[in-house]
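Taking it in order: structure first as structure tokens, then the write-up.
When the chains are written out, they are named A, B, C and D in that same order, and each has its own residue count from 1.
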């Protein structure tokens, strides 16, 4: 997964973009980058790590100009190279081309093979680079035509930002898989993955970029183009469940409220006897609040997140894997001891994390552990940008709910139903992609993947 | 403030100490150090920064031996030098002397002056070094006599660990200002500032080191000595309110429970009308839970702590100070908008932080803000190790509650009463030091401070 | 200027290349890189700085495989970017393409313009990248044909190494501007800019790669191709005067001997009265030796080079520019005081360095300073890879010998004559390029330079 | 060995000291430090490595004040700790005490034992720290008395600088083992190990600090005190042979001239037939010049020092030790091939270096190698600061000249005689220490060494 942010027409464009990326940090912790455009020059600052590690005062100050776009990238297993850090920039006869991309193309293998045959030399293993080569091949003098022609050739999930010299272009695929919103700040246009980026900088939320829409922003003017055939919307429901920030509004609803509703629905469905309700912090916090309020059980913080866990914590080898969990999440023995507890988590992927959480609770004295999950079992891979592991590693693709309960060691296990989930999202249930739960994919599935795609660079 | 941890008789003493310091990180974020003793050699690893920054696998592995003591140190304004990192170690005719100290000596000026007159050369500006020079002057062949003689000369607050070759010695001042507990793990004795350090490594809590007790641990045997005149106990109540970790048990009670009781008492006293109760995260979380449960109002997380705030976040200069708060603590607009809220915080020191929190809530749409504080107004300095600012900067020493309410911009402000606070601590009210609230100091106050003490090294 | 080194068929190819670059360090101090090929994988290590800074044990050990090529690059004013470090590598349908290049193309502007029109995207500002794009456009299944076709399109000075998968290819332009030699070590073929790289590793010198020759080395076999129209040779005489290492043999002669002969010819021509002869260290050392021996005057080391001058020496601002010279080159007052000296230098470019040297000698007590230069006045730019400054900055293009003497402050100034210089080189005088002295260029001069060429990436 | 530099009364004292240390770099490459005194504050910058590595612009600029002293320290095997970097500084009732020391105390074991008994705590393993503790024990209000009392207790070799607040004090032991000179610059007094430090900054040489003299410099005034019993001088002749810089004047003679005379005497004594004379660079350069001139043989540079050898050069493991020599010193094959050569070196210690040099020459084609050494065989340890290896490792203490010749592989080996050496030094032969050659020590030899001394910190 990734987060993107761009602004056009603000004299502090670089700084604003830095702040925007900060707000989008949860969408990608592996690397970050910002490119600004100033008087025919491109200024680019990129690096591995968190936004606060990559940029310092000097680099932020150097990002001069009124247009800037930025990107944060998720840490995926495998292809984590510094040359894959986005935004990706090339100089070309058509000018400076810059791209920042969130999503995953489903026809990247075919496109990259064709381009190489004709002499194109690829610099990275990112499918995003394909868009740049498609643009470099275009000969029309009109930027609009070049962009439409290039984007017409790509398929799959994309919310993307382009910068061609001082023109900023935002585009969202016709299915609307990933969120993308439009904002305004002191006359400047902003495009961001989530509204939390607008809130941080006190920008006004204008509207979402619509599925299938391309927006050209130049000299303070915005031109919207709809050049693709419309599709039935397929918003990623996992953004609401897990990925997006709770204070964002995406696909028309505040994430915090959706999560509380997921928890409340879960309370209706699960109906468990317990002394109190507690979240796995912080992922289950909001669903747990919703659960506690609907079930009228006390809400307790039975486990407290340790804020000092740095990336460099060393685990002495004689300790178990569960130990590492205990370092991160401190259970309160005197709260848990001898109690029956409802524990709320947002999702189960491989099952090992939940297993460790249950072990921690058990070791701290909890008597009965009712594990409640605010979404249905995840059984299928995602081709649109969520970095799930392979089907072999998805526990719900291989075990029954009863078996999963045994595996994680809980006294009972309760998943939210597909309907319960869809009842919580606020808008038309039909406009969501639920493929990871239901197996119903809204697009053709790619049969052959480019080796490059295996590095999953979304 | 500082945290200390020591273990004697465990073949992984260095690694265990690393983990112990990890659990005590909240007691001091400025620097960390561990010293172990292995076959007549002292191994020392120290550095500025968090425990996870200071130590890496190589340095932890190098800390061989069966005895080790460690220290984390709080960042105070001023005297933050790398040579002040503890533990402090010297080689001497009496062997290797190592000290780790939490607290504050009140007669350090007199002692250091006397020692310099006789030719002692001080290496640091820490009052802890005084103990080492006093020990170096002692000529008795008995370690016990040397330690008792040296400690008899110091006054004030101290929970300290000494290592003299392979003997580990723990001592706590007769007033018992700071916590210090004794644990056991696989036959080895452990001494730590708080029980959370024992829990992390699955050690058993044995008992507290008693006020005025000196404990000598050598070859798996523990010898307790009480050499000082007993004093009326004066435990620091601010440890319960703010400093200690919620999952620790100190002065006989679990901190989590005390904090919930403080919140419940506050609910009884404040009696405010509101739509819901929310904490200032994370400091007010437990008192807010107690408040919500006692007042039977909904508990919401109206502000969410941003986990990505690194120490290196750059705030572009055109943004206000309140902005920095907003980066750290993300308010949920759609939860706060138009609501009357009870906001619970653990304490108010200067008032500026609370002012910024109120501003953030106001900007996010909150209608009425009732600010509730789970302790009385702080009006006096601490001479026993809490690093309050000068009286000039303590807002409650200079303004009335009404004025503070206006300063922070709340619609109402409610402090917990002194009695309400003492009712929540579980044990004998008389055994606490409340000097910062009441001005009643349990010891003579130093009239003249060593210049060195101004650097406040605890 | 640059240095290149490659080896094919040795199980320690990466290590040998590291040593080879070490021996060629004088040809480029700005950056260094090595690429090796191991089982379909390319391993690349590059960095700014000296060979000993760029590589450590770990990186050298990682350069596995039996084929490797390396490059050192000269520090030029302006375009010193880390992405311009060679060797330059791309992955393409034709396999892995790697290039290392010494020289300067004279038709780079025309070629790069044409390539961009057809959709090629350039990654660097090096003319060397053009060769890679020309190769990527070639469709023949024969490597030989692809290479010949690509190289037929480039003009100017080049000694270059290509690696296409495990085939190593060496080529030298038809004029033979830059040196390039072939060696053998334990059955493996080596190609290097100078023979000193062969000597260091105890490899055997086989012969020079001939002007216009392309050599393909694969599976221990060497195939030589001559595909271009022969040209009258135009070896760079400045390699003998200044650039090459004294222990190398280039263009058929040992540089040490040529330099001594230049000094001897200079003694014949200059005929100066003096107490002794001394060099400007180390550039004038060999010519000074030749001068002293021919003139039968004592040889003294009146100035000693300081070996501790690091790149990081700080010159306090109140000191003059001459001071910096004095830090680097320590004059021996008691040797110079009151003496008439012949001072030998290899060349004068801008004149400022010589001016500072004369000042240093004067301040140290020298009475008469006869400045003798072992080449003629440099009056013209070089289009074949020597990084002279612009004509405006070449002192001999703007001043007479008398004026230069006054500028540098010497008592007399003696340049070697063009004939004297050509008499010293050992082989056919006609086979050298003397354009920088005589203005007679052996090729068409480029009328328009690519902006990219302005960054002078030879 | 070490180098010291101090200046009093100059507004750029810190910068001047930096330059002074630069000129003295050859006396110690392991670490460097400068301490300046500014308005009751001590400013200290120290670090491991060369002067140019330790200091940057910022640290030099921070060394404010009109008095500063600096130190460079030699890399010895063993005790190379960052806390042993000089100058050594402590704060004490008597004020700020700073010391920089070149030499070696012979009674350090007795002194340090006595001090520890009385409660002193040592911070380092340097004998220089003893002087500081002796000073801290002194109670006289007169600085002069305190210094004289303290220095009266130490024995052995010392040229040292003290700074007590703003008073700079220089002292030299009564034997005058190590050089120490006095200079003036713009009214400020300078004390330095060698005159080359004065020359670099254009300071005037005033005179040497005399053996047994203590000099107090304060407020622009110099007061000289001779408080110790005079001794027969015992200047270290090895300073002339090897250690000092050729452009320095020490013990009354220019080192360059002494070295040429040593070479000339050697030519008289050796009388070898050869094609030419060449030095081992750079150590043998000046003696080789003297040899060639006296013997009227051609002088050649048969081996050229490679200026690119960084400290980080990696030698691939399959290469021999001789290879590393070849990397540093490039032999010119075409000069050496088939020739009979006189090779001049300054000294032989272990013999392994010379062995490698001979091997290099042999591999490069030299026919006959006559190895000529410009001092007698070194047979005895030095107790006065030269860091010779133990007697077991001194080749001349264990082998005859014939055996050494065989060991190093030369065709003949010629040492300069003791008389020949003493004839070259210019002043009274009797005033030199020749203990390392003759075994005649000018002082009592210490029978028992402090463990600390084993770390040989000079």
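Please note the rule applied: a residue touches a chain if its C-beta (ideal position, glycine included) is under 8 Å from a C-beta of that chain, and two chains touch if they have at least 3 such contacts.
Computed from a prediction, not measured in an experiment: that's the story for all the values here.
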Kindly list the shared contact partners of subunit A and subunit C, in label order. none
Where centres are the averaged C-alpha coordinates, which chain has the largest centre distance to subunit B? C
Cα centroid separation between subunit A and subunit D, in whole Å? 64
Distance between the centres, which are taken as Cα means, of subunit D and subunit C, whole angstrom: 38
Return the distance between the CA-based centres of subunit B and subunit D, expressed in whole Å. 52
Multi-chain contact residues (two or more partners), subunit D: none
Should the pattern of chain-chain touching be classed as line, ring, star, complete or other? ring
Pairwise, the chains that touch are A-B, A-C, B-D, C-D
Per the touch rule above, subunit C residues touching subunit A in the complex are 90-93, 116-123, 132-133, 136-137
Touching subunit B in the complex, subunit A uses residues 12, 15, 18-19, 22-23, 25-26, 29, 50-53, 55-57, 60, 196, 199-200, 245-247, 249, 254, 256-257, 282, 285-286, 289, 292-293, 298-301, 304, 306-314, 316, 318, 326-327, 330-335, 363
